[in-house]
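In the part that follows, the structures are each spelled out as structure tokens.
What follows is a pair of complexes built around chain A, which joins chain B in one and chain C in the other.
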Partner chain A sequence: MAEAAIAGPAPRTAPQSLWVVPPLLVLAVLFLYPLALIARASLGEEAPSFAAFEQVLKSGQFIDGLYHTVVIAISATAGCLVLGFILALVIAFVPFPGARLASRLIDTVIALPTFLVTLAFTFIYGSAGIINETLMHVLGLELPPINFLYSQWGVILAEVTVYTPFVMRPLLATFSLIDQAQIEVASSLGARPARIVRRIILPAALPALVAGGSLCLLLTVNEFGIVLFIGAKDVITLPLLIYSKAIQEFDYTTACVIAVVNVVLSLGLYTLYRIVVAHFGGKSAGVV
Partner chain B sequence: MLVWSKSGRIATWAVAVPLFLLIYGLPIGVIVLASVSGQWNDILPTKLTLAHYSDAFRADSFDALKGSLVTGVVASGAALVCGTWAALALRKMKPVPRRILDLFFFIPSAVPSVSIGLGLLVAFSQPPLLLNGTKMIVLIAHFVLISAFTYGNVTAGLSRLPIDCEQVAESLGARPFYRLRRVTLPLLAPYLIAAFSLSFALSMGELGATVMVYPPGWVTLPVRIFSLSDRGAIFDAATMATILGAATLLVLIGLSRISTKAMVR
Partner chain C sequence: MAEATVMERMPASSKPVVASASAAAASGSRIGFEDVSVTYGSLTVLHSFTLTVNPGEIVALIGPSGSGKTTALRAVAGFVKPSSGRILIGDRDVTYLAPYDRKIGMVVQNYALFPHMRVDENVAFGLRAHGAAEDVIRKRVPECLAMVGMAAYGKRYPRELSGGQQQRVAIARALAPRPQVLLLDEPLSALDAQIRRSMLDELAKLHRDLPNLTVLYVTHDQTEALTLANHIGIMRDGRLQAFGGAQSLFRHPPNRFAAEFLGRANLLPASDLQPGEGDRAHVRFGGTVLSARNHHRLPKGSDCLVCVRPHDFRFTRTATEPNSIGGTVVSVQWQGDVHNITFEAGGQTVRMTSTPMASPPAIGEAIAVHFDPDEVTLVPEDARHG
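Then we have the complex of A and B:
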């Protein structure tokens, strides 16, 4: 009797948790299995060895790619944080006519593909773009004076444009929770805007900044479209290197080794992001 | 209000508004302008034309548009079914396995798209699953990439659902499947629509995994835009980009209208 009472609920809960098996299987076959095969292929074709790893990790191309990936990701994230903070500050606390429209425009940018901005940059900053044509007309120059687009600065500028909204969204959510009266009291007591920003707004915004920043870092490390579209020969990041090794050179072993490094790097950053969000509380930071 | 003096406010706007327009308005503006330019040798286009648009609805470009739309709808639909299923199944689980599985369903969003493409290429070029060179592999790549976002959106929606409706239905003797069909899913509808439109937008813009796996006969818009701009046809690329942006936004706006209506009801 006692046994039956204990065993009673078990058949009811066991099938319940079995419901998760179908989506789990789908993901295992379509996502985990390919990832496992990448890891396997990176260890060479026959007996597993780290020979390919050693060779690739020491190659100049890989080191160069890793260097560019890290430098571009860190610079772009720093740019997004600064620009995102300033723009969110103005939209939230010095609202201008059309500020609501502006924040909707930002939501739109998030949904659009990243490489569109690179295409636009060709028309704006490219060698025959609006700015260079204008400067050549006005200053009477023979050659285009601005040439940063096809360098890592072009990539960084494009990534800042595309990923700033990912910092602004949590920031605007946080700013809407700040008590406006607090700011009004501070400023009626004579605190200047810079002081209010430093003492009240910045501390409140810190969780959103950290969460948005770590999300940006993850997204910029993984960014592919922008780098591909800029197409500068000396700006090769890890995702681009994987693409060119696999698709242009058919060197799958090297591509898999680099992919393993890239995936580990991304998962590390993702873990950081989850820890940050869990630590500060995802809800108050307003992130997904 | 942070800046009280009128002059201070105007000064702030004088910096912020042009900055904002330069960063977000100008790029969108030039792409649209380029999409209708026939000749652009000066500061601004010297000749306007709609020829690029009529080309866009012909031959390869039109195929790419169709390819993107079909891929987007099929992959988002599949991701919606899978994500909703996973979210509903996880809701009834104990906290610890639930958190682990939750993380597992989110992980595809953290893996670079090029690596996902490479993985599919390696995995499905060898037995038992030979899919390389079929359109199926493009659909799978898009499905994997958007599945985490769909799952995340549905989970967020579930956590905001009023729990008492379902409890009332249960106490009135509604069987689980009936309850799911008549109570939970209708309540969840706005979130399902939002999840679908986000994943559709992501799929429409996907490039990294697609360039790794696409077969010759199944090109998507981003791939087409890249090949156009790579061979110097930048006006045609701008036209396709405008179409891509407009199609994405139309779907997003249309679906958000429907979802607001469902929310009110």
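Then we have the complex of A and C:
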């Protein structure tokens, strides 16, 4: 043993740094090259120019799409954070039978495709869904009384449902690390549950909330399936706009311009997310 | 320890041990367990537990791991609900009161400081929870930190403190809202031996400074219990095995378990008890007659145990002197300030400690030892727990 330790590792035939080449190659082929193509296409078909950019960025369609994207992403993320925090709090700290099952269930929701929830929503809240059918029958109405699903709110509700587990997972991991004795001592010092949540649990959960929230923001900015499935006429987000420009109108230049904006937005959010995670440093290690 | 005499006598019958101390101080709150049982599912971890900690008194609960000490303490704090019985703090029945309404201080083994708060914020936590005014907080926090010698550390975070310092802060935090009752669950167990000793001194001093504070101190360490406590309760398997004044419990343990757990006594099986003058009695051990105090008034002719502490033995010339026994040395161990000697006598392995000897006996050597009959007590053989 001692000899081996002194001798050190056997000399290598190739420098260690060469291992970086294959992943870089894959990254280049699968990601950077297509990205470059899109960026190039956004600059017009002939000589590169920002004419298309100027035109698209000023268009009402784009501004409307950007507005919807941002509003939906921020609202859905806020909803995820609030709902996720409350649910995780209940699962972690309120002893009830089936708490373990509940947290397993959350993992399962993460595994499901996002449109599935949307489809289920249509069955429940849609114009021909269970609730509307029942209400129309009971109240003798001609038209479905509940229409929120085909609006921004429908999209937000669906996204909150789908992405809340992404907030809960890091939260539950964090909560399991909180020393029960801290909560008990706080309680013995006269703190009621609300104070304990505010002063003990929330500060401990902050890194997980920020990380989970950033992830949600990232996912909701780029969400396509849910918006498409809800199919609300005047709720067009950037990903949906790209789809309709490229696939329905064959306007590739416009599609690529919007795509570039979308990528910049995503990378910006991702950078923010990394900065925040790095700021919390070791505290959030293993949690996010 | 004059106040201790009332509850020295322990019933040797199968009745559960019931502890209650005598004097009632003018101020401070008592802690009362009245017939408290705690169950987890089908497992009963506290059996009809009855004990009173008088106002201003320190009672130590000791016992092996899993004997239910923490459970008893948590029942006072409100974190376990008794399945039967009552818990009293002062004259209040708190059995169904939420923990945050009980006005207690609690200190646990791993300190449990709030990691994202500075030391002064930790200490202020209880004051804020009780709605104390800002100027009261500004005054009280440094006071409490000074009380535990941590005045200079208010602006630090817990992670920047050593274990001993963290425990001091935890004590200051518990005392800041001026609770009547302080619960300590193995507060020194996580500290290394040297710091534990100095903290023990400081806890004793703290209680001298706060004479009205009623303290329930849970530990598995008999030194801590003997150093700090007015009264000691010995627990085993969720039951109170013995309760009494610290000194009297040590000198006259009421049963085998108490004798062995508190001070690792030698228990020599003896028979044919014959009362002598005063509380003296004579018993047969092997071929010899030994004299000891019959503190528990065991009946004539009964079998019993002679409870001899390792340090009560003295070397003697021959085994024919009164109150002496002969044996063969099994092991000799030098520990600097003492010699630990194990010998066999009458089929028993007996431990003794002596001041360091220039020429200790050799293994296999025949020795004779004796003890002062006034230092040694007869203990009833405990029929309940083999």
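The rule is short, and it goes like this: the second predicted complex is superposed on the first by the 260 of 288 C-alpha atoms of A that agree within 3 Å, B and C clash if a C-alpha of one lies under 4 Å from a C-alpha of the other, contacts with A are read in each partner's own complex, and residues count from 1 in each chain.
By definition in this document, contacts are C-beta pairs under 8 Å (C-beta built on N, C-alpha and C of every residue); 3 or more make two chains touch, one makes a residue touch a chain.
On a predicted model such as this, the values are computed, not experimentally measured, just so you know.
Chemist: Could you classify chain B and chain C on chain A, in the superposed arrangement, as clash or fit?
Modeler: Aligned through their shared chain, the two binders fit side by side on chain A.
Chemist: With the two structures laid over each other on chain A, which partner does A:G225 touch: chain B (first), chain C (second), both, or neither?
Modeler: A:G225 sits against chain B, while chain C stays out of touch.
Chemist: So which one touches more of the residues on chain A, chain B or chain C?
Modeler: B
Chemist: Counting only touches as set out at the top, which of chain B and chain C does A:S17 meet: first, second, both, neither?
Modeler: A:S17: touches chain B, not chain C.
Chemist: May I ask you to decide whether A:T122 touches chain B, chain C, both, or neither, giving the answer as first, second, both or neither?
Modeler: In the superposition, A:T122 touches chain B alone.
Chemist: Return first, second, both or neither, reflecting whether A:T134 touches chain B, chain C, both chains, or no partner chain.
Modeler: first
Chemist: With the C-alpha centre of chain A at the apex, what angle separates the C-alpha centres of chain B and chain C, reported to the nearest 10°?
Modeler: Taking the centre of chain A as apex, the angle works out to 90 degrees.
Chemist: Touching A:G60, do we find chain B (first), chain C (second), both, or neither?
Modeler: A:G60 contacts neither chain B nor chain C.
Chemist: In the superposed arrangement, does A:S187 touch chain B (first), chain C (second), both or neither?
Modeler: After superposing on A, A:S187 lies in contact with both chain B and chain C.
Chemist: Examine A:I247 and indicate which partner it touches, taking first as chain B and second as chain C; both and neither are also allowed.
Modeler: first
Chemist: With the two structures laid over each other on chain A, which partner does A:S266 touch: chain B (first), chain C (second), both, or neither?
Modeler: After superposition on chain A, A:S266 lies in contact with chain B alone.
Chemist: Smallest separation in Å between any Cα of chain B and any Cα of chain C in the superposed model?
Modeler: Minimum over all C-alpha pairs of chain B and chain C: 6 Å.
Chemist: State which residues of chain A lie in both footprints, the one left by chain B and the one left by chain C.
Modeler: 184, 187
Chemist: In the complex formed with chain A, which residues of chain B make contact?
Modeler: 1-4, 8-9, 12-13, 16-17, 19-20, 23-28, 30-31, 33-34, 40-44, 82-83, 85-86, 88-90, 92-93, 97, 101, 103-105, 107-108, 110-116, 118-124, 129, 140, 143-144, 147, 152, 156, 198, 201-202, 204-208, 211-212, 222, 225-226, 229-230, 234, 237-238, 241, 244-245, 248-249, 252
Chemist: Would you pull the chain A residues touching chain B in the complex into a rising list?
Modeler: 16-17, 19-20, 22-24, 26-27, 29-31, 33-35, 37-38, 41, 83, 86-87, 89-90, 93-94, 96, 102, 105-106, 108-109, 111-117, 119-124, 128, 130, 133-134, 137, 161, 164, 180, 183-184, 187, 193, 196-197, 218, 221-222, 224-225, 228-229, 231, 238-240, 242-243, 246-247, 252, 255-256, 259, 262-263, 266-267, 269-270, 274, 288
Chemist: Considering only the defined contacts, which chain C positions touch chain A in the complex?
Modeler: Listed in rising order, the residues of chain C that touch chain A are 77-79, 98-106, 108, 110, 112-117, 125-126, 129-130, 170, 173-174, 177, 183.
Chemist: Which stretch or stretches of chain A touch chain C in the complex?
Modeler: 179, 181-182, 184-192, 195, 199-200, 203-204
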